[in-house]
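Each of the next two complexes has chain A plus one other chain: chain B in the first, chain C in the second.
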Partner chain A sequence: MKWGMVIDLEKCTGCQACTTACAMENTNLPGEAWQDVLFYHEGEYPTGQLKWLPRPCMHCEDPSCVHVCPTRATYKDPEDGLVLIDWDKCIGCKYCMLACPYGVRFFTDEPARVSPDIREAYPDEEKEWSPPYEMPEHKQSARTGVGVHRKGVVSKCTFCAHKIREAPEGVSDLDPDDPELVEYVPACVRTCAPTARYFGDLDNPESKVNQLIADKRGVRLLDHTGNRPQVYYLTGEGGAIPAFDDKQS
Partner chain B sequence: MTTTTMGRRSTAEQGSAGTILLIAAAVAFVAGIAGSWQLWTVGHAAFNTGTDMMWGLPVVSYAYLTLTSFGAALVACLALTFRIEAFAPVAARALMLALAMLIAALVALALELGDPILTLWAIPANMAFASPLLWMGVCWAIFGLSALVLLFQLTLAVDDHPRVSRIAAVGLLVGAVAGVVTQGLVYGVMSMRPVWSGPATPLYFLFSTVVIGFAVVTLFTNLAYGLNHVRMPERLRMLCEGLLPKALLAALVVYLIGFGSRVATGLYSGQDGVQIVYRHMVASWPFHLELWVGLLLPLVLLSIAALRHRAGIQTLAAALILGGLFIGRYEFIIGGQLVPLFKGSWVPGFVDYAPSFTEWALLLLAVSLGVLIYALGEKLLNLSHSPKTM
Partner chain C sequence: MSIRKVSVNRRRFLQASAGTGAVGASLGGIATLTRESGAQAQDTPAETPETKIVKNVCHQCPARCGIDVYVTNGRVHSIYGDLGNPIANGKLCPKGHFGTYILYDPDRFPGPMRRTNPDKGRDQDPGFEQISWDEALDIVAERLNDLRARGESHRFAHFYGRGWGASCAGLYGAFGQLYGTPNSAIGHSSICSDGSKMAKQATDGNYSYSAYDYRNTNYILNFGAGFLEAFRPYNYLMQIWGHIRTKSPKTRVTTVDVRLTTTGAAGDRNVIVRPGSDAAFALAVAHVMLTEGLWDREFAGDFEDGRNRFAAGEEVDPETFEENWVSGLPEWWNAVVKDATPEWASEVTGVRADTITEVAREFGTTRPAMALFERGPTAHTNGTYAGMAIHALNALSGSMFAEGGLMYQMGPAYGPPPAEADDYMDEHASEMQDRHPRIDMAGTERWPLVANMMQEVALNHLADDPYKLDTVMFYLTNPVFTAPDPTPWEDMLRETFVIDTSPFPGETAVFADLILPDHTYLERLQDTPTYPFEGWPMTALRTPAVEPVHDTKVFGDILIEIGKRIDGPMGDYYREIDSTENLLRHLAEGFRDEPGDNGVNDFESWKEKGVWYRKPYLWKQRRGRFYEWDGEGYNREMTEDEVAETLFKTPSGKFEVKSQLLEQHADYIERELDVPPERAGFPQYIPPRHTGGEGDLHLVTPKTACHAEGRGANLPHAIAVMQPTVGGNERTFVEIHPDTARARGIENNGRAVMRSDVGEVECVVRYYPPARPDTLVLPMEHGHWAQGRWAKERLSGHTGYVTANVSDPLSGLACYYTGKVTIEPA
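Here is the complex of A and B:
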């Protein structure tokens, strides 16, 4: 099994509901956006456009973050294809953050991004902070990087490992519209109002995600780096993934 | 390898320079600890590093100090491994510098890491063979152990084990060269960071290391004798007025060629996110300080035959080079992270980063610790011991 995500850029409205749901589900700090929606300007009035690019961790098939980690704290689980962080092994060297081409790893031992510092409002001795709401303790796991992390470690999107790993065996797609499966769907997929996100098994050729990738010519970001993401984007007819243009700076 | 004693230096030979250096380093070390107090109270939030700028001034500090350590060791290797007798008078001092700077680098690194204690067992216990950082640690271990054995043999001379020294001399060379190359690999393998990546990056590190090594040995040898060559033993004086400044000059020229190539390639690169960084860098004042004061001025000073044999000129040139190369290390490491990955339109063109006061204090702490350890070595050991190499 290899869990993967498909994001339809033609449907994404940039509402950031996925970003908010992710932060609530995983009790992230301000700025620790495991899932973010970037926006880009293209063209000028009257033909100017805004374009959206939702950006979770790509859970790559051949992740550079795993290769560079000196303690094997970042690892790829061969059972379900997830790239996770073992906080018990993470030494906070941040090399994985530099090696990630997608900029989706976070180190929150830094000056507060918003004032007041929420870590001071809800302090904790061991963990980064003690949020007023957090997922039940039995669902939190340092071994998989789920829950409120301790100080001095790197964090990132887990594809909501604590949810999808509870899904019934043999399920090929986690459809938020299926009442039997909705509790196992990643928070960003479940909350997406325009249903721009799909989540399923990339190893199953009959899964919905594989059908979308095949029918709508799904593409991956920065394929030249060799990471081979497990997140695919649907760009529509003649569409393209928006990109930063360094000539604008 | 056998050792010969060039005679313990008299108080008149040493002058008061060693004592002044020791006191100054101790004062700077205490100031560094006091200045970095926020690190002990609020942790790494006292740094301006984090999610946007992962490796800031503390990493620059440790990287620079390791290159200094490797560079000093390479100078020692000329005598100890390659048996070039002319460099024998500076071998012990270069070794002491190598060890002192390695310890300082490790301290800087430990204070930068999220969990330095965990590092002690997590790296050896998990053996992540694909990670350049693992191999960097292996090289450091070989290097540090070899330097320790050699320094013991050279200065304390409790027992003369030529075979052990010979093996350690080879270990020192292998550890230093492999250490530099693996440190270059840490950056060179990053295809997603175009300012860093490329097969020439380890070579650039090697060029930097050699020039830093000659500069640091030149600087501290002159300081040890109060900037007065007359106080030096004959063989050391001949080296300092002959081959050493010429070697420093040659290393500087090679580095400048590499530096020029990097900057020119960067300025004309078509690769996304490279040209913009080099344009920004070349337009900044630290770059010009590095180029004109840290590299070209020493080049002129060392190129004039009538000047380069003078202790004061050598000391000045070496100090300027060390400053220039530090700026170069800063520009390289910070420059590689300036363009954020996958930013949206609301993100500014560059990551906004300026080192915090705590980061500067950590630099002071680390550098002064290195100098302090070296100065203690200068006081307690006879760094004038010279190996009999031929």
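Here is the complex of A and C:
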């Protein structure tokens, strides 16, 4: 199977609930937006434009980050298509951050983006910090980069591996409206109020995600890089992905 | 990798914060996740701890989204929307996820605190020492009993902001009645959104926000409501957005605002108007609808012979028009609308006339079509009239009580409380009834139409007019920071005995003599009847997810415990009420006769499901006739009297575009707003009276999507995403047109100072070319001086310090968005 995400830009309201749900679920540091929403403006009053682009890790089929990792800490799992980081192997060299065309990776030891440093309020010797609301220990796993971050490593979106990997075998889509499946849905997909996000098996031609990609002509970001993301965008009637420039964020 | 070691650290944390491990075994509303973990690391403990889900209700805006709180080993680790709650539907807005952090906020008070430093001031450390609840409550009771014995009980005042339901703010009425004060309580609604309530009261007779059938509408004409940022219920509005923007036919959305927001950008058309000019735009839409014959004749009425006589600039003979459910339409046309051409409105609003005409034709030719508004148009001196002009479009489109239109909210089927205050009156309580005006003078000749006037309290107190307060108690409101031009509150709090009930430090607490800390919401048992939503009744229940982390008490119980300590029959009344839990158990008895659609029929099932609701809404207007639900459908046609009693609660029993209520106050309106008495009743545009002195730029101070009520400025994760549209991720920025900035020598990202005749604010600007060159936008968020370690002195500064304390004379709503300022480099 191959997990993938579809993001409908026509529905996305730019609210950032994906960002905050992800941050609280995965105990990211403030501003460490594994799941960011990038805003752009163009033009001038009275005809100015405001646009936005939600951006998770693309979990590429051919990920640049995996190619450059000197310790094989970043790996592509052939079983379900996730791109993950083994924090036990990561040496924090940041090659992957340079190689990623989408800018979705974070070095955990960066200076605090919001001061005072929250890590000082909840210090920890082993991990980056000790948030009082961290997920239960049995959900955390250094080998998949899930849980409170380790010091001196790179972190990124895992597609909430700790949730989706517990889903019933063979399920085509993780529908957050289904009480039987809701616990396995990635945080950002689960909370998305306008239902701009869908999550399912790209290897299954019957899946809702494949249906949407087919019906609504899903596109991938920076397709020319050859990374072949497993995240597809639906741009709506006459829509387009806003000019993607990571530096603008 | 020593996870074991980490767990020791966490335990130490819990001990330090006086946390208790176990979730009470008696808690209802708990579902158990029993599935096995399939992806465990090798160092995972052998036994997987049980995770429980407790039903609660979010507290970060008024919306009341039901939440599932995940608790493992007595610790909350995540929050998601409750799939069974009709507002949340399993979803949340960006704020909802911060609840875990609020629970464990390291700046919380550990328990009741008494001030030891007699000197009060911004820079004075209160020198708080922790005391027991008995000591704290006895201090309050002694003070209140003394005041009452001296015959001065009116000098005690309660103030509240976000009241939730019968078990908190609902207790105030009886407290005031029995204790003998007219000031129980002064609500914050006049520094919130009373403009929309007044506009609706004046036209359709309902002093209320509207409920909306968004799901079935095909056109939304939105004036200044942050539909995708802050309008309530925000989470549900976004769910609706996903639906209406992809259904067939796609709902068309036009946004009229003074700035470019995500709401405007996500819709079909964004119209940027001059601040305070919304009424002119709405009137021109009405003008086009009438001249082009696009109004709903079945609802509003028609000319006797069906021939449209509405022509620009020409009066009609009211005798020739047969009104149906709209009262005063030809008179309104003659007095106001006939001259409100798109060309005229273009002059007032700065919007092209053909744009206004296009919007009017779209709105007029699409059904169902609704017009909505909130503070954007109403937080001006002309705000009530602006709201009326916008709301009148709902009369012309026939959307009142129609499918895809607007209605009002029904209340929950609560049973009677354990005791009635009327049975516990003593001589003093009876003597004090109507003896003194409220401290805010609401409902007096000074403010005849308003419900609250919180922003006047400090000034009235300091002027000893009508009197001085002695003791003041605050619940979920912080006017010493949030009121317009709030500094007089510091003087008032300096000379009164101040009780704050916030679990967190804040500006009020700096002046407090006593802190009686409330639970945070994840620790509370508390009812939350819905704000106006879809009309049918609903009330959700907060259930404690964990034992209190600190020595706190839910506000309702604080009030009840104080009541028990008051001498005479008042104490008996509160002993009969006993506790908020007892009160809620009595209220839930009402569900037995009217079980909820989800099976909730008593207190225990209410806790288990987290919400009681009962569809449908009972009334519907179709093609100019009103019907009542008969159990199967909207089949029973209502009489005019029934409609007047239930739906249009105006003197005429109709939607009044010639408001009899305002005509009754024509003298007051002429005195305050220079509106000639013969025009007092009509929705109309009058020029706003901008405040601030000689300022050359408008200042607008909106709330952003991450403005978590009262705490957003101290939530590190919220700070990081506070103002994403212009990159405000560590501080907030003043959005400024580059030409405006450059003309004043202000660089992009540069420090600047905003000034008005009220004061000045240090800020940081960000160039934003879509901004009106004459308008600055700064979110009301930062600049706190006492809200916690992350909030303290964060830029940009507080907008209240340049906002004049001027209010709409009709609604009483503080004119937050009508100020003018100057800006220059710092």
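The rule we apply is simple: the second predicted complex is superposed on the first by the 243 of 249 C-alpha atoms of A that agree within 3 Å, B and C clash if a C-alpha of one lies under 4 Å from a C-alpha of the other, contacts with A are read in each partner's own complex, and residues count from 1 in each chain.
In this text, a residue touches a chain if its C-beta (ideal position, glycine included) is under 8 Å from a C-beta of that chain, and two chains touch if they have at least 3 such contacts.
Since the structure is predicted, the reported quantities are computational estimates derived from the model, not experimental observations.
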Which superposed partner A:Lys94 touches (first chain B, second chain C, both, neither): first
Touched partner set for A:Gln16, first chain B, second chain C, both or neither: second
Of chain C and chain B, partner touching more chain A residues: C
Which superposed partner A:Tyr133 touches (first chain B, second chain C, both, neither): second
Partner chain in contact with A:Phe106 - chain B first, chain C second, else both or neither: first
Touched partner set for A:Thr71, first chain B, second chain C, both or neither: first
Overlap of chain C and chain B interfaces on chain A (superposed complexes): 31, 39, 41, 249
Chain A-facing residues of chain C, complex: 1-3, 5-7, 9-10, 13-14, 17, 33, 35, 37-41, 44-45, 48-49, 51, 72-73, 75-81, 83, 89-98, 100-101, 103-104, 106, 228-229, 234-236, 238-239, 241-243, 245-246, 260-262, 264-266, 272, 351, 705-706, 716-721, 724-727, 729-730, 737, 768-773, 789-790
Touching residues on chain A, where the partner in the complex is chain B: 31-32, 38-41, 53, 55, 64, 66-73, 89-95, 97-103, 105-112, 151-154, 221-222, 224-226, 244, 246, 248-249
Interface residues, chain A side, partner chain C - complex: 8, 10-11, 13-17, 19-21, 23-25, 30-31, 33, 37, 39, 41, 43-46, 48-52, 88, 113-116, 118, 121-122, 124-127, 130, 132-144, 148, 161-162, 165-166, 176-177, 179, 182-183, 187, 190-196, 249
Complex contact set, residues of chain B against chain A: 43-45, 47-51, 54-55, 113-116, 118-119, 122-123, 125-126, 128, 130-134, 137, 186, 189-193, 272-273, 275-276, 337, 339-346, 348-350
